[in-house]
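Two complexes are shown next, each including subunit A; its partner changes from subunit B in the first to subunit C in the second.
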Partner chain A sequence: MSGFDILFFVFAGFALVSAMGVVVSPNPVYSALSLVLTLFSVAGLFLLLQAEFLAVVQVLTYAGAILVLFVFIIMLLNLSDFELMEVRMGNLGKALLTLAAVVAFITLAFVVHLTRITGDPAVEGFGDISTLGREIFTHYVIPFEIAGVLLTVSLIGAVMLAKKNLTKE
Partner chain B sequence: MEILNNQDSLWYFLPESVLILTFVVILLFDLPENWSKNRLLAPIVATIGTVLFLALSFYTQQFPEAITFHGMIINDAFTDFFRLFAGLTALITIFLSLKSKEVAQVRAEYWALLVGITLGIPMLAASNNLLMIYLALELISILSYILVGYLHNTKTSSEAAVKYVLYGATASGVMIYGLSLIFGVTGTLNAIEIRQFLISNPAEQLALFIGLLMTLAGFGYKISMVPFHMWAPDVYQGAPTPVTAFLSVGPKAAGFAILLRFIYTALTQDQGGVYVPLKYIDISTLMAVFALATMTLGNFVALQQTNIKRFLAYSSIAHAGYMLMAAAALNTEALRGVIFYMISYLIMNMGAFAVAIAVINDSGSEELSAFKGLGNRGRKGALAAVAMTLFMVSLTGLPPTVGFVGKFYLFSAVIEAKIYWLAVLGVLNSVVSLYYYAKIIKYMYFEEAKEQKPFALTGFSFPSLIVGLAAATVFFGIFWNALSYLTEISAHLLM
Partner chain C sequence: MLFNFANILVFVLVGGGFVGVSLFVSRLIQPRFPTLEKGLIYECGEIPVDNAWINYNLRYYLVAIIFVIFDVEIAFVYPVATVFKNWIAEGKGMIAFIEIMVFALILFVGLIYVWKKGDLNWFKEVVVTEDTRRTPEEATAL
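On to the complex of A and B.
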């Protein structure tokens, strides 16, 4: 077992366990913090794949900005313990859903394990910023622009939904 | 097959650029205090932008068909059709929004967002790349969530928006996982290259199938295909009625466009008008089962509805089932049929919603009972009732209406493909739908209205729109050659 393998299993293990934590934890703050850990572990996996820029962006935006926002919102909403405990579902329903999730997980794991992943080897200079920038502004320029439109409209929409009074006097 | 670089592709992107520009201009126009007071300014700009978009898409339609932006977007006759479709749907929706009391006081953003969705429809219909598909789908979805929750001081609207977001987020999550599996198996995001890979290589059948099913969850959610339809009734009921009308036609057609383009391009091989499924996946039978489940559930649940918007929601699920037959039949006739059906659905469904908006404006109630005695309530009432009768007959699929011709084309494509059981069960489904569509007709003519005052449908333009749509329903039901020509040239996929 090489160092690479050991690091892979460490990161992957952390990612899995903390992802479980997001789902299982009854307290949303703990869930959000587990999500931070998951995103850090995935960033580690990106590093192992030599996608340094992706790893850094993942930590900066997701683990940094977005998750801090999540925690802020959860704290601001200040849900009481009673509301958090309330899940309107019988034990049978929970059991069935858990079973379905486990079956889906095993199927997917099985499928991914069996699948022979194909594709070209990564391009020269994969993972560094200059290659990424060149790709974004040549081959992927239209998705890049549409993503820009998408973010703009989402922003406007969020402001609109947050405003108290949308109708004109 | 020509793959253009970014610079040459820009000309093809002209119509969509105009929509993006319109979107920005509307937002800027809202900034000066005295401009934002003018309620008509934003819808007028939106209308001008959409008309310009339509005009430019007629212009770009003369260009030779090409794959643009390094294989991201396909500009073929199919794309041109959806530009036309999106533009027309947007224009009717802008008009309906101006006439509906529910959204009478909206701010400029409402119109900007409508323009935004209109941009998403042809983008999605033209996508050839899995990444592009995802982005265009999200563009439509996120804008739809916002428009559904627009009346956020009413409880139903907010509830509908939250439900829509939760279902939508789950569906996109599942879809993007499925897309990643397809990418893993084939090693490419380009739909045409996916087909080429599948033809020449033994693919991982199981992973491909599961990836495809998960991708279908995303597409199916957009077109309210059973079992991904659960959001539709609540969202259609809670959303402002003009938005519901738009959602049931525009984004749904976009969902169909990409579903058909993806299945036809990536998973079948064109053999002279018959698209033969690739060896691994029997996509035809799979989609036939989905189609049957969708139409049956839509029709049977529609029988029990008492709210006009829920009623039209289940009716639209049933119609999604009919249109899904095109994904099962897999031949050029099916493409033509579904394009014809979409036009007819645009006319008759927008018409039904227009009358529904008039009735909701008049009575303030969304219950089906508000239609009672409509036919006997003065001249305007009789007019609305006659129009609604035509729309209902057309939605059932009876001659001499455009709905009949649409169904005829679709069913003949299914028979052409020799899927007889689907054709028989589909026709039986139409018989079931007759019951609930006829119920509205019965309410309008054979039941007593609660109040006998004349039906309030004032002005000139709103009645003319209803009359125009009703006339189109009958006109194209008798002289369908013009539409049939349009479908003939549009049913061409560049692959």
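On to the complex of A and C.
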């Protein structure tokens, strides 16, 4: 077992354990903090796959900015009424949900097993940030600009939705 | 390339180890006489009031959403910035500049939209009538 393998198992283990923490934790704030750990571990996995830029962006935007939004939502819900947040459901509902989760897991495992991953990057040295920049300037100019349009649309849409709630208050 | 990140790994290990070791050692040698006052959450010497988890103003949320969008924009600009100098050296600087400016302008439309709509203003315009007029003390308390 090489050092890479050990690191992979460390990161993967952290990701799994903290992902469990997100689900199991009774306190939503702790769930959000577990999610930060999960995102960091996945960033570590990206690093091992030589996707440095992806790893850094993962930490900057997901663990940084988007988690802030999550914590925000948690704060907006009234935390003093924990009991209200408990999902009450009967045994039938629990059984159905468990069944659905198991089926989803088996399907996922099957798909992962069937997928043949060649291991060749799309472009030589793709994870590298300057390679990415070169590709954006040459092959992917149009998708790059469309990404800008997408961001603008999501900005306006998100502000519209958020404002709907603001005026209601 | 990957070897550079070994630095970060060492940094994380040393940083985490530093916390662990100092907590462990202080636990070994500290005298412990816990009192209620010592167990309180430290709040600049004040006695803490209420829960720290409060409802923040929803307007922060709006600002946070706008921030996330432009955060992603900057993430897109980073890789471009790393190769920009090479492109200038190759004499293709103008094309690259126009490409990135088009991208920035598209997002600028969004910024102008939220600006015009007044979402960047902290205080919304309120209609002041005799009933809703605030005393100066109330206004500063906001």
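Just so we're on the same page, the second predicted complex is superposed on the first by the 141 of 169 C-alpha atoms of A that agree within 3 Å, B and C clash if a C-alpha of one lies under 4 Å from a C-alpha of the other, contacts with A are read in each partner's own complex, and residues count from 1 in each chain.
Keep this in mind: a residue touches a chain if its C-beta (ideal position, glycine included) is under 8 Å from a C-beta of that chain, and two chains touch if they have at least 3 such contacts.
These numbers come from a predicted model, not from an experiment.
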Original post:
Which holds for A:A147: it touches subunit B only (first), subunit C only (second), both, or neither?
Top reply: both
Original post:
Is A:M75 in contact with subunit B, with subunit C, with both, or with neither (first, second, both, neither)?
Top reply: second
**OP:** Using the touch definition from the top, say if A:V57 reaches subunit B (first), subunit C (second), both or neither.
**Re:** second
Subject >> Contact breadth on subunit A, by residue count: subunit C or subunit B >> reply: C
Subject >> Partner chain(s) touched by A:V29 [first = subunit B, second = subunit C, both, neither] >> reply: second
**OP:** Have a look at where A:L97 lands relative to subunit B and subunit C in the superposition and call it first, second, both or neither.
**Re:** neither
**OP:** Scan A:L114 for contacts with subunit B and subunit C and give back first, second, both or neither.
**Re:** first
Subject >> Partner chain in contact with A:I66 - subunit B first, subunit C second, else both or neither >> reply: second
**OP:** Report for A:I156: first if it touches subunit B alone, second if subunit C alone, otherwise both or neither.
**Re:** both
**OP:** Considering only touches as defined above, state whether A:H139 meets subunit B (first), subunit C (second), both or neither.
**Re:** first
Subject >> Residues of subunit A that lie at the interface with subunit B and also at the interface with subunit C >> reply: 141, 147, 149, 154, 156, 166
Subject >> Residues on subunit C engaged by subunit A in the complex (per definition of touch) >> reply: 1-2, 5, 9, 51, 53-56, 58-62, 64-69, 71-73, 75-76, 78-84, 86-87, 95-96, 99, 102-104, 106-107, 109-110, 113-114, 117, 119
Original post:
Mind pulling up the subunit A residues that touch subunit B in the complex?
Top reply: 107-108, 111-112, 114-120, 138-143, 146-147, 149-150, 153-154, 156-157, 160-161, 166-168
**OP:** Flag every residue of subunit A that touches subunit C in the complex, lowest number first.
**Re:** 7, 29, 47-48, 50, 52-53, 57, 60-61, 64-66, 68-69, 72, 75-76, 78-80, 128-130, 132-134, 136-137, 141, 144-145, 147-149, 151-152, 154-156, 158-159, 162-163, 165-166, 169
**OP:** Spell out the part of subunit B that touches subunit A in their complex, as residue ranges.
**Re:** 6, 9, 13, 20, 23, 27, 37, 39, 69-70, 72-73, 105-107, 109, 112-113, 116, 119, 123, 129, 131-132, 135-136, 138-139, 142-143, 145-146, 149-153, 161, 181, 183-188, 197, 201, 204, 206-207, 210
